[in-house]
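For reference, chains read A, B and C in written order, and residue numbers begin at 1 within each chain.
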Amino acid sequence: MSAADIHLTEADAHAATALQHHFDNMEQQREAGALGMWVFLLTEIMFFGGLFTGYVIYRMYNAASFAAGSHHLNVRLGALNTVVLICSSLTMALAVYYAQTGSRRNQIIFIILTMILGATFLVVKAFEYADKFEHHLFPGLGFQWTEHLPPGATVHGVQMFYWIYFAMTGLHALHMIIGLGIMAFLLYFAWRGRYTPEYHAPVEISGLYWHFVDIVWIFLFPLLYLLGAHLH
Amino acid sequence: MQIPLPKIDLPRIPFTPEQASTLAGHVDALYLYLVAITLFFTVLVVVLIFYFSVRYRRITPDEIPRPNAGALPLEVMWTIIPLLIAMTIFVWGASLFFALYRPPTDAIEIFVVGKQWMWKFQHTEGQREINELHVPLGAKVKLTMTTEDVIHSFAVPAFRVRSDVVPGRYTYVWFQATKTGRFHLFCTEYCGTNHSGMIGYVEVLEPADYQAWLAGGTSESPAAQGERLFQSLGCASCHRMDAQGRGPMLTGVFGKTQKMTNGQDVLADEAYVRESILNPQAKIVLGFGSVQMPSFQGQVTEEQLLNLIAYVRSLAAPQQGGTAGAGQAQGGTVTTAAPAAGSTTTTGVQPDTQRSNPVGATSPRRVVPPGRTTPSGGGGARPPR
Amino acid sequence: MSAADTPLNPMNPAAPAGAGAPPAAAPEFRARFAHKNYLNAHYGIMSWLLTKDHKRIALLYLGSITLFFVVGGAYAIAIRLELLTPAGDLVQPQTYNKLFTQHGIIMIFFFLIPSIPAVLGNFLVPLMIGAKDLAFPRINLLSWYIYLVGGVITIWALLNGGLDTGWTFYVPYSTNFSNSYVVVAGVGLFITGFSSILTGLNFIVTIHTMRAPGMTWFRLPLFIWANYATSLIMILGTPVIAITLLLVAMERVLHIGIFDPRLGGDPVLFQHFFWFYSHPAVYIMILPGMGVVSEVISTHSRKNIFGYSFVAFSSLAIAVFGFLVWGHHLFTSSQSVYAGMIFSLISFAVAIPSAVKVFNWTATLYKGSISYSTPMLYALSFIGLFTMGGLTGLFLAALGMDVHLTDTYFIVAHFHYIMVGGALSAYMAGLHNWWPKITGRMYPEGWGRFAALVLFVGFNLTFFPQFLLGYMGMPRRYHAYAADEPLWQVLNVMSSAGASVLALGMLIPAIYLLWSMRYGAFAPPNPWPATGLEWRTLSPPPTENFATTPIVTWEAYEYRPVEEMEVIGAGDVRPVQPMGGTISTSDS
């Protein structure tokens, strides 16, 4: 207890323990945290952006193959996952709301709900991946394509689609797993009553991250799942 | 579009390679301009720094000079003037670049295949060489290049030309030598262990010597080799000459725009022929959507591909003639003498061809396929008989 | 050597506040000696390894990048030795390829990119804006560990088999042909990238949210502007190289054809991805250097920077335009002619902000009070060498010229003029300028000037001949070069001779700086004197930088007599609260 002690007299005791020594006040600390997350999300956009660029270019080269590869994906599961993630964004937003209004019980409920929805997403994804492995659709490891190839499509092109599919959804799933880790962390501190109307920045900035990961999926779903809709 | 460059005569500048192509003088002129700009600004800045450092050196330890207020006119001046100078360099550099990368249509064509760590050349007449390239003085030479493995880069400093050689693509370099002699040829894109050994010489010969050199070889022309491959790989069973085959007839196709099954219009150039052999399903000609041509990926080498392309090109009809031109190529004999009059490239002697272009014209074994779009310089530039 | 060797007193006129001359300032010395500072706040190895103090983390970076610099320099010496003779007679071709690859990788990713931002930036950004620390001290420490982990993995790859792809990792050589440790080195660089992202993130947030009262954007020192622009590139560019290296590793392990034309991939796409980061990365290396030079020129001529806002905005312009010019590395890579034209045009545009900076620096000197101190010598040589380096960049931006020059020694000379003549000179200028602040000791001025001169001569001797070699056509990355070109060897021998002078020029500062840490004269809070906030605290600064939060009421570079520049908290020798005490409370 050192630098924080000085502030103890001038600020609410609860907030003071949360104030790090190098910030002047809670406002500054919250602002820094939120801006930090926004900057981090910019980095994330560029990170996914590289793959999106790869997607755009290779889809231009292999439009028919991409449609064929996409046709094989399970649109129903993809749509289900989209709904699940949108719901999880809602529960996350509510968790932030209850952190702001100071309801510990509701905070915990909605963080748990968010985690359940996130886990549901990953389980569905795992089933989808298992199906792809079963059908030898993992690029590089004995990739096989036994289905019909529409005119202009090539097996190489379909493999090209599948590595992009795995790279993008894999990277997204990794972000989901990290997100679940963050949620577990929030849950622990929410349980201990750490987040109050005065101090709830971690819930807010984790919320930003969670929404970002959801938004990435909103882009991934049509780009990956809906290309082959016209192939019947 | 070929931007004609004015002829330029520059003395050789110290610390520059020999000027052995028509382009070299132009590149050197731009170089001199840039060196002058660099010198001017570097000297300006250095002199000012020295002058200020001496003139305004600190005399007493605690002096505080008056703060400066900045000056908008100055800022505008040293933004605008460098920008204008930069734009002159841009325009000059870009126009040179266009000349460098737009091969003339009346050039001798030589195929180049890079491979770790050697350069393989094949002349239209059939001569093959490795790490040595013989070219005639004064003739325009166009190199069509690709590689069997990694990216290489073909550079001849004395000609001031360079282009990367990229797997799966054809890239081009052209030059017109103005000096006889041996000039360094380098691979300048790092390509592995023996990168610095991937070197050779370009030997520029007098046209007569070049003819003699060409006559010394015994190998077939690329187009003839391509024709044999066309038969032995079984291409000919589907791509028949009488429009009865399962695949599209290849006569008169090269250099034309074709309609594809997906509605695209695709120019049948080297890259397209290559793709159609290696990856036939990528772009299918309208009307052949149901045909499943097998891929020849892994069955043909880069050199064989170039030969096949040379053959397909040799089947191209004269520009205006659709079926009429095709009829002449019936039977697929590449040596069939064709009326050169209809060919796009038979433009007679070009005004900027300073030296008459005798190359190849007298070559006894020369193959002049009908209506080639880019024939060897001699064949193309030869006036109609 | 004694304090008499260090001609500091003239620089330090105002004894009352700054305390220059030893006799008059004896009490001051004692006071300074006694004050709790970031160096003596804690002792023991763990107090360094677990520190969250930005100044200590800066020193951790200083140590590690110096180590990497020595390794990278050793590779350079080996390269120059091999090139003494045209024949490849010293090492095997494969070894040579590893030498230049590893030289490039270490110097770029482990020295130049972190050099000024992670060492000087880390130390100075909070001090200059009047903050107690960076916004995220733990993330700052984390970024050093990430750097170290990436560095260890990369070094491990280099020691166990090496890397021979060139620092550019061009495919398909790196994915399908190289027999070296591409994946491991790629993973190492991937990890290191996050260190640079986190540093950039920290700087951006700190500069936005932690400025002292009164420190408006246009009162910020130009070093801060430069680091802000650099940080933008770090957070926006680095993720792209990360994903690119990931793709290279995927392709190399799984052979799925991402960049393999036989499987429908595109090898040139890699080059677009690679240079989308790696061209802006050049600005990561040079922009902070420009910031340092702005500070040093101003300080040592006691003049406010001519056209402050032009210099500030030119940094941002460079950062923005820098993202739009990557294609000029691909003029000969079978890119379309029209794409080449657009990239060429923008490349000329990006040269203008640099020119504006050079003219403004030069104009700053006009009617200044110019001292020939070591940092100033480095900064002036920076201007000259950077001008050369920048102008030779115009050669390469000009399409028709680039065709002849790319992949030759002209390129090598050009980017060494920017990277060594520019970034390294600026780093040395900054290191000397802030050495008194960092260590609390003065470096020996005489030796400093001598070394700056040696470095300048050695540098030009090494790299100027390479311009000529390049135009004559000598390709880069060549283990053996043409023996039938007699001039080539002459120029290469000159270059190698220059390299040994250059090495000496680096060795001298290494020795006297180490020496000065123990034996140098004590530094007053503001030895030059300069105007920045970092000079208004003690040397070395206390753990939380300022005894009381400074309130800025003056414009940037407002030079006044020293006695008017109060030292915030000077003479205040109360022990500063040890920073360790907050660990438990802030651990949320």
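Here is the rule we go by: a contact is a pair of C-beta atoms (placed from the backbone, for glycine too) under 8 Å apart; a residue touches a chain by one contact, two chains touch by 3 or more.
Predicted model only: the values in this text are computed from it and were never measured.
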Chain closest to the middle [Cα centroid of all protein chains]
C
Look at the interfaces A-C and B-C and say which one is made up of more C-beta pairs in contact.
B-C
Per the C-alpha means, the centres of chain A and chain B lie apart by a whole-Å value of 49
Counting in whole Å, what is the centre-to-centre distance of chain A and chain C, each centre being its mean C-alpha position?
35
Measure off the straight-line distance from the CA centroid of chain B to the CA centroid of chain C, and report it in whole Å.
41
Please set out, as single numbers or ranges, the residues of chain B touching at least two other chains.
279
Where chain C touches two or more other chains, by residue:
264, 266
Contacts with two or more other chains occur in chain A at residues 154, 156-157
In the complex, go through chain B and note every residue touching chain C.
15-17, 26-27, 30-31, 34, 37-38, 41-42, 45-46, 48-49, 52-53, 56-59, 61-68, 70-71, 74-75, 78-79, 82-83, 86-87, 89-90, 92-102, 116, 149-151, 153, 155, 157-158, 160-164, 166-169, 171, 184, 186-197, 199, 278-279, 297-298
For chain A, which residues count as touching chain C in their complex?
1-4, 17-24, 28, 31-32, 35-36, 39-40, 42-44, 46-47, 49-51, 53-54, 57-58, 61-62, 139-141, 143, 154, 156-157, 159-160, 163, 167, 189, 194, 202
Which of the residues in chain B come into contact with chain A in the complex?
261-262, 279, 281-284, 289
Applying the document's contact rule, which stretches of chain C touch chain B when the two form their complex?
9-14, 88, 93-94, 97, 164-166, 168, 170, 172-173, 176-178, 261-262, 264, 266-268, 301-304, 306-308, 310, 331-334, 337, 340-341, 344-345, 348-349, 351-352, 355-356, 358-360, 362-372, 380, 383-384, 387-388, 391-392, 394-395, 397-404, 406-408, 468, 471-473, 475-482, 485, 487, 557-562
Chain B-facing residues of chain A, complex
63-64, 149, 151-154, 156-157
